[in-house]
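Before we start, here is the structure in question, set down as structure tokens.
Which chain is which? They are A, B, C, D and E, in the order written, and residues in each are numbered from 1.
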């Protein structure tokens, strides 16, 4: 609850500051300050299990250790994001304060999506996330790619919103309590009613859209590619992870008891996502677009949480969210510093910028799922959950083969950085402060610490 | 005192790990060489010392291990038994030898080179000491990563593709194994902390809870991972390329020790875990391994590149080990134990010689070399001894192992043993061919400039040769070390 | 005993730096052997256990040595002949520089060590260690002049062919292990009752395969003539006197197995192979012009005789022939070495002739050798060969006739080379003629000693019928029980055969003299050409074994490995790449298509959920 | 009257909206079709709301039964917000390329 | 047939018919106008469903504000029917087919079960009045109500960010 209020307030503060503060380069400090406050507020709530504000009438939101921890993870990831990308956000356009304000509003939506108890809150949360994102995607106004991405994202996003509320309507029609509370569907273990079934499918479609699971992923590569890179970084990590959390939360609480009846849908989506994400990423020449496909591929792994829907899956999802977000934020932070986004642009980076190269390597290894990185632990938990579920072992095998394919495209970057020579002419100006390097190293260190001892994070889930 | 003995496995991991990180932190090209050498010698001392505390009777780590991921039942549990002792000692022994032999080779960014080498050593030590499936998997992968970087960074012309193929191949295999591990884990009984456990002892008793069908498919998940690592036909094609393209010091690690990971893993994590599947598939796999052995031997005849030749020879040797394991008799498995050690030593020796030749002449093609024996008699003598050990001449180390493995194989199936025997002949053909063409005959323009080897190389090769003869003549210490573990693995089968 | 082994062990480790040390230690071991011999003669056989070579739960192999009558004889032969040859070598090899000289002796000593290991081993494994060890030394010594590719090829060939035999040996050992769990001679022989018929046949045949490799029998004999590439003393020691007889030793040692009822078929095979080898090799030897090659084929042929004896169950005769053969063949080789030395390395007998004028001692000793090998009484060869022929006669008349024919050929080719070398006119060039000289004492002394042995060596085995006691048979009695023949041959027959044989030998020798009195080099035709080209056996092997293996290797390497398996692995990568290129086309960039695909996705989900 | 008719009507409108999205190229019309889809959902919500209200006669509290209508209210809020942002994006696009044809949007593909 | 049924049929036909016109008219202005007609029909249906307040809001917000905005933009861009050439015929057919199947599938799925016979007759229609809804909205739903202000804020900022001219 603290987080919602504080993000909203600070969003407004940023907005007003944008009107009154002339020096745009101070925006990032404002934002970091605000975020620290939000994190503090959230941590206090996590520690005390009690919010400063008690206005949640009819308990439409639900806060306990589990989702408060998740929110903290997301907020901390955002902090890393701000620290690494603050300078780059300034370069996108003139409305720097507004961008930060929008990000704070998105965070508010993230918190809602992580704590909803009714479909209404889910809907509002998702929309609060989506609408600012449309804007951020299109924020590079002169860039036609950015425009195109914004329009595509907007049209398809609205389309999925339509599907979502259609689904909500059917759920409402089938709800015996005539309300939108997700835990009052009283499904029991029998065959679920027709309205619920239709609503479930439509909700699954729209949530799959949000987390870019195949075959509803088509917006992802184009939007991630077209959006300003700093915002791609944000939307492919925190937003996506939050959507996933919402997705799993919704299906666990609302439809958990009839898990077997819709599990096959999750299987189809998972398999398709893994296949398409990994396969398409292989051929990409642009690192940015490759990372877009890789985010689809990673979504395939996160889909295991939905597929298995047990304790390990939920823990794994949180871990995955942290690992994936940190690694992707990190790799995007490196990417933003490059002039050339193609894989060849990374040639010889190890010589020119060894710190960047080694951190990027750790991020990529984490994304690949090599032990000692958080990426491995998260994949491990996902596999554990999926195997524990006991059905469809073939899907798990398929997933690990896809993970092997993923090594192919992630390692292309590592190979470029370390084993290939750059063109002498291709050298560029580097705008890298020591602080940036330190933070990058810290990010990498966090990934390794989580990889070695994931309980640092997981213990909080049951605090 | 017993507690002290139990601390050795940790030291074996920490010593190279810390030294490796030190190399990276200092970033000093000069010192790193010395750091590497000193730390590897320290590791050797630790490993030798641990032999005195060898507790062969059973696998035992620290009482509880360090509880690592408590509620999923994984603990950082490491320990050594006879097999672990042999392999950790091999690892500890090989690295100083490698460092000494390549002391004169200068690598670009050598701090990174030595750092990664030491990290690889730490990973290997971890694999050989892990008593917890998850820890094992961790190290299994960790050993791979430094080697990947070493090969890709300092390797030959086509290194990137070759090592990447190697990496993806083994990575895919080990992920399959991960699924197997998870599946098994979920069948284990609850412990004090958690629903299930990754501890090795839990895995060993798991087969009582598994149906035969489960055992069968789980067996393949594990076996493919190990088969790729060893490698066994038809999963071997990464190997010649990887060996060819890697810098020789790394190839030594790869072939001398890393392939033993596969053999070790089969003995530790496959054979005792799936007895029913062993019974079902032993014939199939032994036949496959032996086919691969002959196949590799025949191909080796045609190789012109020294490294590829040794690579195929290694595939053949590993094929025999694999077949012997699946022949599943005590004698055969005992032979495998010895052979793991022997093969490591021999093949490292071969690589050192190849490295020396390549460094001096820049050539690895058999057809372009010749007459080295005039210029470097000591090198030649060493090489001949090592080559003969490689073809298992009596009184060299490999004879003992191969003798026992063939013996076990013969008990298992006469025809398999007979067919496998052909490889003895083929091994002589390709090895002697190589010796003849490279070392004998007249010198030519390429070999004209070759010089006698220096003290450090003499030292390294000398140590290896002594080891070859020692094990060849008096292998009993190794038997004593591994006797119990062999019994444990093979159970009551003869 | 420990003393003996220690002495031998030290020798191999301390790579001797001069021939004197080399010869000295062999002399030392010879003296010890003598001591051993006499102590054994006094009935004092002994098995010494040194340490456990392999000792595991159910495999125990000790590093054990055994001295009994059989090994004592071989000990004497090895160390005695070995000593003489070491002495001879000091002179023969003096042109080599210091380092190589030392290396040579080191190898030679290593050889003696391995050979002793072979004959002293108390179980098959130790025997095998020596067995491979002598193969290795043979390899090293044949390829001693490693600059010459032909020589190294020959060395390689020898080693590989030996290895083929070794495989047989090894399998036999495994067979023993799998049935009896041991390879100690006495336990194996004691446990023979536990072996089934198949076991015995399998084991004996496999052991024999091992013997054909080491002792150059059909089909694995071709390495021995090529092995003449090594220095001549080496040929004398290894490829005539000692190593090649290892096969005989092994079978004689295992006589318990071979004599058993079940092994009858094996014995038959051995006889046939031995006889065939004797004939084949002798026929080839007739037309060879290289003096050492002739001797080599002669060796093969004589080995064939020994195997014939073994096949006929007369182990004593075989061992006896080994002994006499060691004397006279070493003598012949050393003699030929002396000739070659004098001729400055020339080995072609068509380029020699009339050497008797220059090298008296050599000529005389060589003549003695020829007489001995041809089987002229009372030279040693007569007694041993006669024993073999007798047992063949007892066994099978056809064998006897064929063996007799082979013996005649022996006489023919031996005298052919004798006459060509020493009689007639010198056919070499001027320079060589000037160079001709008698060899130094270090070379002639061993010749003389061996000549004496070749003359008197036969008297240890004079058969009863000639008033002797056949002492060797008596001596070997504890190891090789004498089998009484079911149908004893009458004395008359035996006398008749002996005389007949002797006469035929003389005829053959005379024929050789007549034919080669006035030698004119001419092209061989017809059978002669076939014989000169050794029945084209090498070419045959080349076509049916080496070439197919080579092309199979190429095929596997280029097609199966690169295109097949690796092609499949790389094909996976390519398939992923291809799939990637195709799948990304779905990402067409058109919103309409995206939404359409999404709707289709929704439809699929509905259909799956609702109607499946 | 049965709920069935309303479901059919709402789904029909929804599907017409989907068809519109699929077949038209003008971004504005596509957006209008999406609005149509939203309205179809609204209609369904209201219908269900009445269905629940009818079922709740005599046993339920009135606060419960108006949930559906409240939701429609929020959907309208969201739609309004979306429209403002969406039209702004379309206008921005139009300013740059002077077209609202979505088929021009193919710089990003593969 | 009661009056409600007749009204229902009339309004349904009107809604579906004008919706079809929306997607078939080439001229965007016509489409906008037909959409307004659809919204009016839907508002009529709301009244049938005892949602009087929503019916009014629908007309005010949708037909009034939103559609006028649309119309405004269309006019502003001066889009007429010539701008939009025919779309790929194949894609159109595929679109119609899949949209039609979507209708069939959802309806079939939703009405599959025979238990859905719920009647919708209601005697008192006061629960859709502004008074009732207002109470619910500002008591129970005050939190989402407040939070939706964030939505509007961000939409506002967005519109500004997107539309503001940069220099």
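Remarks
The criterion applied here is as follows: a contact is a pair of C-beta atoms (placed from the backbone, for glycine too) under 8 Å apart; a residue touches a chain by one contact, two chains touch by 3 or more.
Because the structure is a prediction, the values reported are computed rather than measured.
Between subunit D and subunit E, the least number of touch steps comes to 1. When the partners of subunit A are compared with those of subunit D, the chains appearing in both lists are C, E.
Across the assembly, the chain pair joined by the most C-beta contact pairs is D-E. Relative to subunit B, the chain whose mean Cα position lies farthest away is E. The chain with its Cα centre farthest from the Cα centre of subunit C is E. Between the CA-based centres of subunit B and subunit D the separation comes to 65 Å, rounded to the whole angstrom.
Subunit E has its Cα centroid 31 Å from the Cα centroid of subunit A.
Centroids built from CA atoms put subunit C at 38 Å from subunit B.
Centre-to-centre separation of subunit C and subunit D, using mean CA positions: 97 Å. Annotation for subunit A: residues touching 2 or more other chains are 120, 124, 127, 131, 134-135, 138, 141-142, 152, 155, 159, 163, 170, 197-198, 201, 221-222, 408. Within subunit C, contacts with two or more other chains are made by residues 573, 584, 587, 589, 591-593, 595-596, 599-600, 602, 606, 609-610.
Taken residue by residue, subunit E touches two or more other chains at 87, 91, 94-95, 98-99, 102, 106, 109-112, 116, 140-141, 144, 148, 151, 154-155, 158, 162, whereas all remaining positions touch fewer. Chains touching one another, given as pairs, are A-B, A-C, A-D, A-E, B-C, C-D, C-E, D-E.
By the touch rule above, subunit C contacts subunit E in their complex via residues 592-593, 596, 599-600, 602-603, 606-607, 609-610.
Across the interface of their complex, subunit C is touched by residues 87-88, 91, 94-95, 98-99, 101-102, 105-106, 108-109, 112 of subunit E.
On the side of subunit E, the complex with subunit A involves touching residues 106, 109-113, 115-116, 139-144, 147-148, 150-151, 153-155, 157-158, 160-162, 164, 166-167. Contact residues of subunit A toward subunit E in the complex are 4, 8, 11-12, 15, 55-58, 60-61, 93-95, 98-99, 101-102, 105, 108-109, 112, 120-121, 124, 127-128, 131-132, 134-135, 138-139, 141-142, 170, 193-195, 197-198, 201. For subunit A in complex with subunit B, the touching residues are 312, 365, 370-372, 376, 380, 383-384, 387-388, 393, 396-397, 400-401, 403-404, 407-408, 411, 415, 418-420, 453-455.
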